[in-house]
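Shared between the two complexes below is subunit A, which pairs with subunit B and subunit C, respectively.
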Partner chain A sequence: MASPVSTSAAPSSSREVTRYVAIAGNPNCGKSTIFNALTGLRQKVGNYPGVTVEKKTGRFFGSHGEAMELLDLPGSYSLQVRSPDEAVARDVLLGRQADTPRPDAIICVVDASNLERNLYLVAQMLELNIPIVVALNMVDVAEKNGVVIDIMALREKLGVPVIAMVATKGVGLIELRQAVSRSPLPPPTIWTQMPIVLEREVMGLARQLPVAPDIARAEALLLLTLHEAALDEVTHHDRAIIEATKAAQQRLGTAGIDPISAPVDARYDWIGQVCAAAHHTGDSHFAASVSDKVDGWLTHRVWGWVAFLGMMALMFFCIFTVAQVPMDWIKDGSDWLGKWVTDHLPESDLRGLLTDGVIAGVGGVVVFLPQILILYFFLGILEDTGYMARAAFIMDRLMSKAGLHGKSFIPMLSSFACAIPGIMATRTIENRKDRLVTILVAPLMSCSARLPVYSLMIAVLIPGHSAMQKAGIMLCMYLLGIFVAFGMAWVFKRKLLKGETPMLLLEMPPYRMPSWKGVALRMWERSGLFMRRAGTVILALSVLLWALATYPKPSDPKATPSEALAQSFAGRMGHAIEPAIKPLGYDWKIGIGLIGSFAAREVFVGTMSIVYSVESKDKEDIAPLRDTMTNEKRNDGSPMFTPLVCIGLMVFYVLAMQCISTVAVVRRETNSWRWPLFQIFYMTGLAWAGAFIVYQGGKLLGFH
Partner chain B sequence: MTTDAGETLSSLPLGQKGRVLGFALPPEHRQRLLEMGLTVGAQFEVIRFAPLGDPIDIKVRGYHLSLRKNEAAGVFVARL
Partner chain C sequence: MNPLIDQLSVAALVGGALAFFIVRFLRKRAAGKNCGSDCGCGTSKASKAGR
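What follows is the complex of A and B.
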């Protein structure tokens, strides 16, 4: 592998992959933009075996049409890892990751406007003995900042090809393709020289390592620079190797060399020389100062909060007004389809299954696709512009009160869309306990699957179109989730997972125009996931629920639909839990909804449609669910869905776990059943208590 | 590595420029700060404080890095 990689100039007709290429870089360097530009829509998203780090690969073609596989490595600052994300990047590059071949070449993306710090990772990559092409991205931004980079000098100093790029505008893509497909592509010849004593220990340790000779030096250096606690956690080497490492560290210490800082200092010294030759700072600092001025406002002690809350409010307002139009289309469409099926099929179980089970159930969930798209649109823009880091900066102090840190904010904010990507985003949190606390409370953030429930209950609570009021109630539900999440984090941090408040190191990238293509691509990806869920889990659950609500059929054929439902399986289950939910003001029909949505919250809406449309089957027109629910009466004739019941139900859904996919992800991320089970238990308990307080407390105060 | 009577990063006022002298931090924290470019001898400027006073945003090696006062108190500096 130390020998130059040769491609056998594969003809374009054969689609065999000729080269595995990894794309690596710091966070915020434009790596994804280059990945997207190279691969277009030929992307595949999967997982690395055993961990839930997302594995994104794509096919691209070299300058002669040869197919190459591009692997998008998680963004990282260093190969000395602290998070599972960074660990994957390191393991792939060292050929340690099962199922993923060691790459034949690396595209190392470097932000030209932040050259020094970005070159640190390059310096480490150069030690890996894999051919490298440096993609010097955002040269336009650098130039605006008055930084001119001498590409020829940089190429000479680094000893590898350097391609100047503006990935957002497609500049340099052809050259990058050419550089990567060049054959042969030799491995680096230049890397940082470590102090001689250190170099000797590295070579000594390298000889003892049971790894391929071309990566032994890199492995040895990584081991030597681990501090003691981390060394004890190393599992992929024998105890003997660990002991040898510790002995070497001891010898270095006596020689006056600190194994932690010496390699870093050496690399930055070398980077200093590289920059001195290739990096020329002019006198204009225009763009940088614009970004700084914007920050003066957006992180201001008053205006920062105004902007932050304003942005959140705008996001939720759009979710309610803009999304309404396409939502009406989808609703009309599914109503029309249901009616068409009713008109063209004879009265039968099959017709009931199709209209009440499949169409009503799935349609009731798909209708929320526009809201989810808008949510991802906003989250994508916040991420791309760099505002997400400011949000973490502003929120850190508050987060630290609960024992969390600013980095927990991003997973929690993502959990507003869906707890699954949110929980997966906790991988950037290095400290295990902090990560666990974040995972435990993240599902309390109101995800998009709750939107259907909130929307329905708000519609029942205040009929008509008063978007402001609705957005207001919605905001309250979100705030409740945030508040409880913080409270629980505080409790967990104090009682369950004691530990010191972790370190925060947060890069604040300059503000940038979002990449619309990237945002669109992400919206496409996420809505695809949502639709697949609607087509599989939710479809299956809808059918199951329909069956539970339909069978066994009443022995008396003249039984009213309401009687039929009452003695169905679902009705019996609803009746069975009625004593537990009666104090919350719910009846057995809502009980069916709660049971039905145990696996996925949004199913509540579909279940309610089934529960109530089963009843109103005799009516020709299927009145909107909202009206049916508004008119629903208790046995004594009083309305079922009083304001207290509506609010109580919303509170229940703010706090309850009710999501089988989240359970599965938590189990995978924590590697045990203990935490997901604990999570179901504590969240359901909270939900019951919350709804109880709303209903009984409200009644005591004289509301109804 | 550490200097005794030194001033720390957490005590610097807004706009102050400085140079890193040493650290009094656990090794894993120290290593992270080093790798982010805050090496001994590196120059920086205190750019701003978060609305609630913490964390601190500094400019080092041409980019913005935020760290908490807690860690900043373990970074010994000299004013420039």
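What follows is the complex of A and C.
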């Protein structure tokens, strides 16, 4: 649905920013949707709590054309933080974040269907001394659930502007923009009545704090509500302040007041009064029963798994059937282009570079674009409908057995698309050891870059078989990644990163119709990124790999293509690692593919295209890679790509790290080289062992 | 094709590909970022700006 506001966004405008506005709220209340609608920028909007873990800013314009900077804060339930992403939100609001100014105003997004819980954060926001506009989102869902909210009463009770919204449909966006544009915005009022003794201690501590007077009370209150162990970990205050806090806590304890629970109780007392005045519940029996019935099936001990596996199987089936037609178009286009260049350029190195390097290398990867689009189409729908949270619930049973935290599910699920957002999503995991275990095993999930490798090897393994059989093998590879990830997590949790795993507390979002525009935008964005990567990194790598596979040229001009390749730099590298990969059934040409794809897995396909095109350069046409690989022979005349070699190669790619960007992100997220290096080492070892077991074990059992 | 033009064209393309990776590495280092700008992870400046 088009937003009436988004058309006015002009991020490149040089107009001076008049106001710095932060969007805050509970996870999954629609912050990112409002952010997108106001700024016109695009980002991922999902149903699962905790998707927003990055700092996202954008510019939007007030009702009088004044430029304002908008900051999308990570979702949090309160300012008493439990995870790194919640800490970011708190630090920005308290002006502690070095690279971010303290906001001039806050748009506090409140889920109307969960008013009472969402108001807790509002109560804390009101204590921050920053003007607030409350965006009461999802009023349509609340109404459907039989909840009626008296906006006027709510406005009166909170003392700040309250805008009723349905952000996904653009309802209330103009009013929100007008409210934020008001100058000056009304200052917030602290409504929560703390016990007098507590208030006295808060003010006493606030006077000692070396912070701006307008946030001193909020800072003092946050300090007083910390447990002793958490207080000892505070680094942004002097030791004297920590000791003063502990002394104040002791005095409060003597007075019979628990400094941790008393502010919570006081806030909920006030929330109770607000809800009594503004929140009325009607008949929600029908909606709840339908949702419960669906959940009864989708989260069932047995049927839940059937539904989960069925959906996965359907996804892979579509990847193989629906994608085939556009894949053929791309392949035909690539072949036509290669032939055109061959026809119009005389025999030369340049022609070889363009046909065997650029067209074969880039075309070999781009051909998988339709499959990647279908993967994102399904992931988008599952996320938008709210099914992901149910899948997390089902998987938690399995994950808890492996010692993984339930919150690890989203990072691991995101890793099916790409391990990098998956690893970044681990910021929602509070416990450091649980987070590290998840980071270590997340790249074992089969990312979209593995898809081209699997597709190619499956096509070589079972040419002409049905899409169902191909989808079955693909599903097995995905399941292998999942089970090995759980197995390794079990090992890490028991040997390397011992510790208890806290139980999962999960919010189930209501089932919703997917936003088709959102799904389409995500597919567009992902295809753009994939094509950009194909046009930059993969193009440059293809050119370099072609050069490595072509030079130095053999001194004997009558040398066969195979002899020429063997004498090239790539051939020498392949030969150098051949002793290590021979037990896996691979030859030096596959070795070239393994080396070439160390930086990025999907380059394996392009490398194989280059290796086999270079080798068969006498041919007028660029032979389809699958057929060339199927006909490839060993020195003794036996086929090279036997079923065991194909399966072994797929297993190798399921388990190997082979992604330099992931290594870099693990380095950044763990702040050390120790963990990424360990990860490369263990995953490469695991991949080698897996491929060895498949090949040698298969041979022992009489397969070939 | 003139062999000199042929070799020069190939050298320019291979040199360009090498220069691409060198410039990419230097830019990332200068920006203090570890993640590639085109991996799709959303951490690049372009992704953050929503472009």
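A few comments on the model shown:
Assume the second predicted complex is superposed on the first by the 653 of 704 C-alpha atoms of A that agree within 3 Å, B and C clash if a C-alpha of one lies under 4 Å from a C-alpha of the other, contacts with A are read in each partner's own complex, and residues count from 1 in each chain.
As a convention for this text, a residue touches a chain if its C-beta (ideal position, glycine included) is under 8 Å from a C-beta of that chain, and two chains touch if they have at least 3 such contacts.
Since this is a predicted model, take the numbers as computed values, not measurements.
With both structures placed on the common chain, the touch criterion links A:L158 to neither subunit B nor subunit C. When the two complexes are overlaid on their common chain A, residue A:H227 makes contact with subunit B while staying clear of subunit C.
In the superposition on chain A, contact of A:I394 is made with subunit B only, not with subunit C. Once the two complexes are laid over each other on the shared chain, residue contacts for A:F530 go to subunit C alone; subunit B is not touched. Of the two partner chains placed by superposition, only subunit C is touched by A:L350; subunit B is not. Of the two partner chains, subunit B is the only one touched by A:S261; subunit C is not. In the superposed model, A:M68 lies in contact with neither subunit B nor subunit C.
Within the superposed three-chain model, A:V665 lies in touch with subunit C and out of touch with subunit B [touch as defined at top]. Counting contacts as defined above, no subunit A residue meets subunit B in one complex and subunit C in the other. Subunit C makes touch with subunit A in their complex at residues 1, 3, 6-7, 9-10, 13-14, 16-18, 20-21, 34-36, 38-43, 48-50.
Taken in their complex, subunit A has these residues touching subunit C: 11, 39, 41-44, 54-58, 345-346, 348-350, 353, 417-418, 420-421, 424, 526, 529-530, 532-533, 536-537, 539-541, 543-544, 547, 660-661, 664-665, 667-668. Residues 77-78, 80, 82, 113-117, 120, 225, 227-230, 258, 260-261, 264-265, 268, 292, 295-296, 299-302, 304-305, 393-394, 396-398, 400, 405-406, 501, 503-510 of subunit A are the ones touching subunit B in the complex.
Touching subunit A in their complex are the following residues of subunit B: 1, 26-37, 39-40, 42, 47-48, 50-55, 57, 61-68, 70-71.
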